[in-house]
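The structure appears below as structure tokens.
Residue numbering begins at 1 within each chain, and the chains themselves are lettered A, B, C, D and E in the order written.
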Amino acid sequence: MSRDFIRLLPTFMVFLPMLGSLLLLVTPKRWRDEVAGLLCALTLGIGFMIWRAGGSDLLSVPWVPALGITYSTELSGVSLALAMVTAFMSFIAVLYAARRIPNPGTMLALILAMETGLLGIFAARDLVLFYVFFEDALLPALLMLAIYGKAGRMRALVKFAAYTLFGSLLMLVSIIGIKYLGGSPTFALADLRANVVPAGPTQTWLYVAFLTAMAVKLPLWPLHAWLPDFHEQNHDSGIPDVMGTLYKVGGYGVFIFGITLFPDASLELRPVLMGLAAFTALYAAWIAFHQTDWKRLLAYAGLSHMGFVALGVFSLNETAVIGAMYLLAFQNLYTGALFLAVGMLQERTGSIEVRVGGVMTQAGALGGLTLALWLASIAVPGMAGFIGEFSILLGAYQVYPWLAFVAGITTIAAAAYALTAFQHTFWQARPTGGIPVGDLVHTEWLILILPLAVAIFFGVYSAPALNLMQPAVKAVLAALGGN
Amino acid sequence: MLQTPTGTDLYSLGALFPILAVLLGALTSTLLGFWVSRRVLTYLNIGWLLISGVWMMTLWDQGRQAFTRAVTLPDGQPLLTASLQADNPALLLGLVIIVGSLMTMLVSLDTAWRARISFPEFDAMLMYAITGGLLMAFSGDLIVMLIGLEIMSLSGYVLATLQDSRRAEESGLKYFLLGAVGSAILIYGIAFVYGATGSLNYAEISLRVGSVSGLLPQNTGILVGGALLVLAGFAFKIALVPFHQWTPDVYSGAPTSISLFLSTVVKVAVFAGMLRVFSGALADAPGWASVLQVLTAATLIIGNTAALLQANFKRMLAYSAVAHTGFLAMALLGTPATGGAALTYYLLIYTLMTAAALAIVAALQRSEEGMSISDLRGLYYRHPGYAVALAICLASLAGLPPFAGFFGKYLAFQAAFQNGYVWLSVLAAITSVAALVYYLRPGMLMFMPDRTPAREYAHGQRPPTTIAVALGVAGVTILGLLPNLWYGWLGNPDIWRLLAGR
Amino acid sequence: MLLVALGIAVLAVIVSAILGPKKRGSRTKLMAYESGNDPEHGGVGTGQRFPVHFYLVAMLFIVFDIETAFFYPLAVAYQKLVPFAFFEALTFVLLLLVGYVYVLKKKVLEWA
Amino acid sequence: MVPTTSYVALSGVLFALGMIGVLTRRTAIMVFLSVELMLNAANLALVAFARAWNDPTGQTAVFIVMTLAAAEVAIGLAIIVAIFRKRETTNVDDLAGMKG
Amino acid sequence: MPDWLAALLITLLKAVLLTLALLTTFAYMTLVERRLLARMQLRPGPNRVGPMGLLQPAADAIKSIFKEDVNVTLADKLVYTLAPIIAIGMALSAFGGLPGGPADSLFGEDPWVYNLNTGVLALLALTSMGVYGIFLGGWASGSKYPILGGLRSSAQMISYELGMGLSILGLLMLVGSTSFQAIVGWQAQNGWLIVFQSLGFALFLISSFAETNRTPFDLPEAEQEIVAGYLTEYSAIKWALFQMAEYVNMITASAVMATLFFGGWKGPQFLNGLIPGISDWPIIWLVVKIAGFLFLFIWVRATLPRLRYDQLMRFGWKLLLPLALANTMVTAAFLAFRGQGGLWFLAVLSLAGLVALLIMSDRVRPLWNTPTIRREDDTATALVRRPAGGD
């Protein structure tokens, strides 16, 4: 395969799911599952092709020449890793949707549409393009919530959209400012990096505006409030939640655009941001401890993870940033899989309450796999999460030891809330008159095992992923002029 | 002073043809209405509009002018002024007007009968109003602009009152009284601008305003006053806060197909006039920009918050039109080069999405009062096509990519930002969040399953409306993915530097 | 001239008022004349209705009068502007004619 | 020669009167008359400025404005008459069927 | 005494004199009219007061001044009083702009009170103000018949105002000025305008009758239909003022027609051969021509019956207006394309138009003479025979 062809692959990878989504509109009902699954698999396959080639080069063509907006894509390094995880988890989601949702055409189309948005976010190397995909992913998420959500979804919808839009519109202003004040000819990342806004209050303010969007999507306290409602009101199967988890791209945005475009501001704001991040991690863990609803619990757990990611990214330390990206990529696996596991649990018990009790005795496989996933989630060594969290703490310690210490407490808290909840649901005595619970069947095995396997694989053998990420992170941090 | 026009001038009437074609349509429908059915009239008028549109395209880049007059400036320089100019901005804005008008006509084919406005006068008045709108876009001096504005407004008053109902009459009277006040203020402002500069022609005004020697110091005060009065007059017409009170009543009181027209074509035309006056003739005049930014900010805040509180979908769209006025006015605050392009881009998009949304309302509503937002629940399961189209329109109105509304907003933000109104763009960004919320609620309600019986008109889905909706939705989507299709025409800053014809 | 004319008129009224007999008339004498019947809800501005036709005439008059007003300057300057002015006048009259025909067909000019 | 400022001042006063009328009067007819007053104020200003600049354009503009005023009268009265015949009132405060 | 004061005083003096002259003429017009009508109807007319009734006007004047002035209870007092004043004021002032002779010919002064270069316009403006007097009078009486009369009158007057204004457009195009002096001067050079604008004159004449509320257009005061129209509640001097206004308007209309179409104050040129300069003598020629037209007014009153209201309106809108426009456009076309051709062709055209109209009158009459009745039921086109005496 020539480099030129590989250069085009990210475009295929991004738009293939969208194509599939449109294709589903005309596909006969009985073939929809297969078509969606096939396209997802294909997308993943393209991802592998790119990976095999060691990442794609930058493709840049003008989009709106008069405005300096380009269509620039590149999948390599961190973005490739994230894109592949996204494609993988989308595949898993499609698998479960085909099984769980009756007449799943709409849901499948939405999953695929959203996958396009998410992959686009990672592939974009133009700020406006990034923005477009960033917003683009929002619509299917909203629709999933609207169509499949629960009674209180309108509130959740409004909250979710308002937070996202609030941030992203400020980001839009910031985008305009970056180009105009920096004097860059286009919005392409390379051009912008060559024409960075001079250090000073202007750069700081632009960074703050940009960060607002990323903080909503990270999410970072105090802009996280949409998250629990979003997950709680979504469909019980957990499929939209998987996609929602994948949508937590704030850390990536800060990494790829924020640090390089606002080098001075990110240094200047580092203490504040790291403080916020550490607080978010701890705070979320604390709240999670009190949840009686699996989804809210998982939401806060995810938030806690994201606090870690933010801590890593904002620290501007190489180790920590690599760890953050690692965590960002792989927490999707187990958090997403956990949401699906909750979905399966709900299918059986009819509730997502934590205090169901006694499931383990009847559905051993479900309980076992869930426990394994939980262990991955609380960063037990040998799982992918461990490498991420450990690197973050290590890196952050070099910058602000105290904050690293605060964040470190979180891991303990995580173990506490995860195991407590698990114990309530799976081990505790079953209430009398409870519904009999069946064990995993058919594809459900796959759906839980595949992510777990990947998480374990990269927890044990991290080299492939690290080799992908390390150069990219180094390059970005080098633009900063060292630590 | 009087000069006999020459032969070349007659030849240059070719520049006028797009307007004349529409006027001809208006005149023929005035008379033909006695002999043929209204449907035939509408088809004919659509034909006229298409001819006009095509003719406009052939005039591209020719810079034709009509009714020219050679003036010798005080310093001996000759200057050719024109009362009508078919320059590129005029053509672009004219095309936007044509698009909006076409959509109105298509919608009226289906709904005019139900709305009890199926008179031939409806078509005639519509065409007159379009003529006026085109005149404004093509205007080369304040008087032509004024004439266009008045032709359009007067026809608009009639349109708003055409339906024989208390609501329509109320809306018509409000529209009329406030419109008349706006016109009066505008005319007074024009008198002052004339007093300060001694000319009504854009080119001459901009020349006198631009050169320091051209304006006596005591005239500066008059000029500022005049410009502000003109601004206030325009503000009435486009419904900038605090001159917006009539808008929701009129838009929701008039039959929906007329609201569609009033909120798109009329607004486009008035903005075209404003673009000519403020970015052209008075571009260098002091004062107006600082007032406009305050008005814009107020419009953004009030329009968006008020729209949040509406329970009726049509009325909500009316308030959203007010809010969009704010975004459009932001574009006006940019430099002529960026602002003009941004405004024109946004206007087309705004027309497409608002017209398509209102077309759906017009088709599905049970009565002309529009439908309440809660009536939309579950629309997706009853009219999937319209529901998806409406959702796309709403997403575009909210400024979500990949729909064109995003680029409109982006351009408006950029225009204001680059001309130093950073705070305004930030404010606009924040108020957009409110906008998102009120667009989101109906947009999402449509997709929520619903078991109660349908509350919309069952036979609303008809071919012409569908064509109009499809036009709007396709436009919004395609221009969102490939903005250059439209922006490529208007992106060249040079064409906007000559707004005053100089 | 206007002053003088008005002055004389006012004078006449005043002189008459001074010289004329001053009697309070009876109620019947001062009543509005309605062919001997008691006037029904008479008085100024008490919601008497006129046929809408009169309004229409008034509006038509306004339109056509304005047209006249436009024609006067054209007429005065006409000979300096021919033949262009002829076409202008023709266009103008044709436009007017459209309105006129419309009004005719609408039967506004029918009194029955 | 009366100086231009006097004319303009007079027109300003007329305009202000009209504006006050618009803001305070409650019957449609009176509002409408006030608007006409404003238009005439504009005409006066136009004529005064035209004389000051010794330029006929201003006077032409007056013609146009007169026309516009007439057209407004025609349409405005039609609307007012239509409403009056239906509701027996032209008080704008009574026209508040739509609120919010 | 500064010059401006002298000029002002002289102007004032002229104004007063002219007013008195007009009022005297009015007074004797009434007598002349009554006598003439009587003659035409083979009866004596007023002949008791003074020799041949010559003091009758004086008696009338004294009567109207000393008569009781009834103010109806329901009337709006101020407007009620103001209306006749407006009517007569406008009527009187309109005349002042008409020139009676060449400049400086009246004892070294100009034989006019004021002279505007927009004379025609000013005159039309002032005469049309007269409608306010009538309408306000009718409205302020607070009674039904006056209101009806006022309405009719205003509708009639504004309708014919159009015909009047449009019918002289051709004339103005020919002359290229709206100043009376210029019009008179043009006619002195090229011949009377009646020759070139015969159609225009005919239209103007008819409109003048309507504008002055004279028979056959005297519907606003038609006794048989609406008692006395707007005059119903008026008495004494106010009534007299209205009458005055009507007659003064008549005089003015005559003067205008004389000035516009019949050479104005200029006498026939050939008389100059007998007495040099006689054609430039001020006042005299104008008075002679006015007298001629006044006779016409009376003659017509004695001859023609009154129109029905619907006929009147239809006539004005359906015949007068389009014809006036046509006249204008024919003149315009002639002026635009005449090349080197003489004016005689226009005269022929115009005359041909008039003649054609007269010949075709039977064809044209249905335009305004047969009402189409709209009914609730569907017999919309059915013609209804009406009694000949009016509604």
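Throughout what follows, a contact is a pair of C-beta atoms (placed from the backbone, for glycine too) under 8 Å apart; a residue touches a chain by one contact, two chains touch by 3 or more.
Just so we're clear, the structure is a prediction, and the values are computed from it rather than from any experiment.
Visitor: In contact with chain A and with chain B at once: which chains are those? Just list them.
Guide: Touching chain A and chain B alike: no chains returned.
Visitor: What's the fewest number of moves from chain D to chain E, given that each move must go to a chain touching the current one?
Guide: Each step joins two touching chains, and the minimum needed here is 2.
Visitor: Hop across touching chains from chain A and tell me the fewest hops that reach chain C.
Guide: Steps on the shortest route: 2.
Visitor: From the Cα centroids, identify the chain that ends up most central relative to all protein Cα atoms.
Guide: B
Visitor: In terms of CA centroid distance, which chain is the most far removed from chain C?
Guide: Chain A.
Visitor: Can you identify which chains form the pair with the largest number of contacting C-beta pairs?
Guide: Ranked by contacting C-beta pairs, first place goes to C-E.
Visitor: Measuring between Cα centroids, which chain is at the maximum distance from chain B?
Guide: Comparing chain centres, E lies farthest from chain B.
Visitor: Where the CA atoms of chain C average out and where those of chain E average out, how many Å apart are those spots?
Guide: 15
Visitor: Taking the mean of the CA coordinates per chain, how far is chain B from chain D in Å?
Guide: Here chain B and chain D have centroids separated by 25 Å.
Visitor: As a quick test, compute the distance in whole Å between the mean CA positions of chain B and chain E.
Guide: The answer is 51 Å.
Visitor: Using mean C-alpha positions as chain centres, tell me how far chain A is from chain E in Å, no decimals.
Guide: 92
Visitor: For chain C, what residues touch not just one other chain but two or more?
Guide: 58, 65, 77, 80
Visitor: If I count partner chains per residue in chain B, which residues reach a count of at least 2?
Guide: In chain B, no residue touches two or more other chains.
Visitor: Multi-chain contacts only, two chains or more: what residues does chain E have there?
Guide: In chain E, nothing touches at least two other chains.
Visitor: Tell me, which pairs of chains are in touch?
Guide: Result for touching pairs of chains: A-B, B-C, B-D, C-D, C-E.
Visitor: Under the stated contact criterion, what part of chain B meets chain D in this complex?
Guide: Chain B residues touching chain D: 1, 142-143, 146-147, 150, 154, 157-158, 161, 166-167, 169-174, 176-177, 180-181, 183-185, 187-188, 190-192, 194-195, 198-200, 248-249, 252-253, 309-310, 315.
Visitor: How about chain B: which of its residues touch chain C in the complex?
Guide: Chain B residues touching chain C: 2, 4-5, 10, 27, 30-31, 34.
Visitor: For the complex, which residues does chain A have touching chain B?
Guide: 63-67, 69, 128, 131-133, 135-136, 138-139, 142-143, 145-147, 149, 153-154, 157-158, 161-162, 165-166, 169-170, 172-173, 176-177, 180, 209
Visitor: Which part of chain D faces chain C closely enough to touch in the complex?
Guide: Chain D residues touching chain C: 63, 66-67, 70-71, 73-74, 77-78, 81, 85, 88.
Visitor: Going by the contact rule set out above, which residues of chain E touch chain C in the complex?
Guide: By the definition above, chain E touches chain C via 12, 15-16, 18-19, 23, 64-76, 79, 81, 84-85, 88-93, 96-97, 113-114, 121, 139-145, 147, 151, 154-155, 158-159, 161-162, 165-166, 169-170, 172-173, 176-178, 227, 232-233, 236-238, 240-241, 309-310, 313-314, 317-318, 321-322, 325, 328-329, 332-333, 335-337, 371-374.
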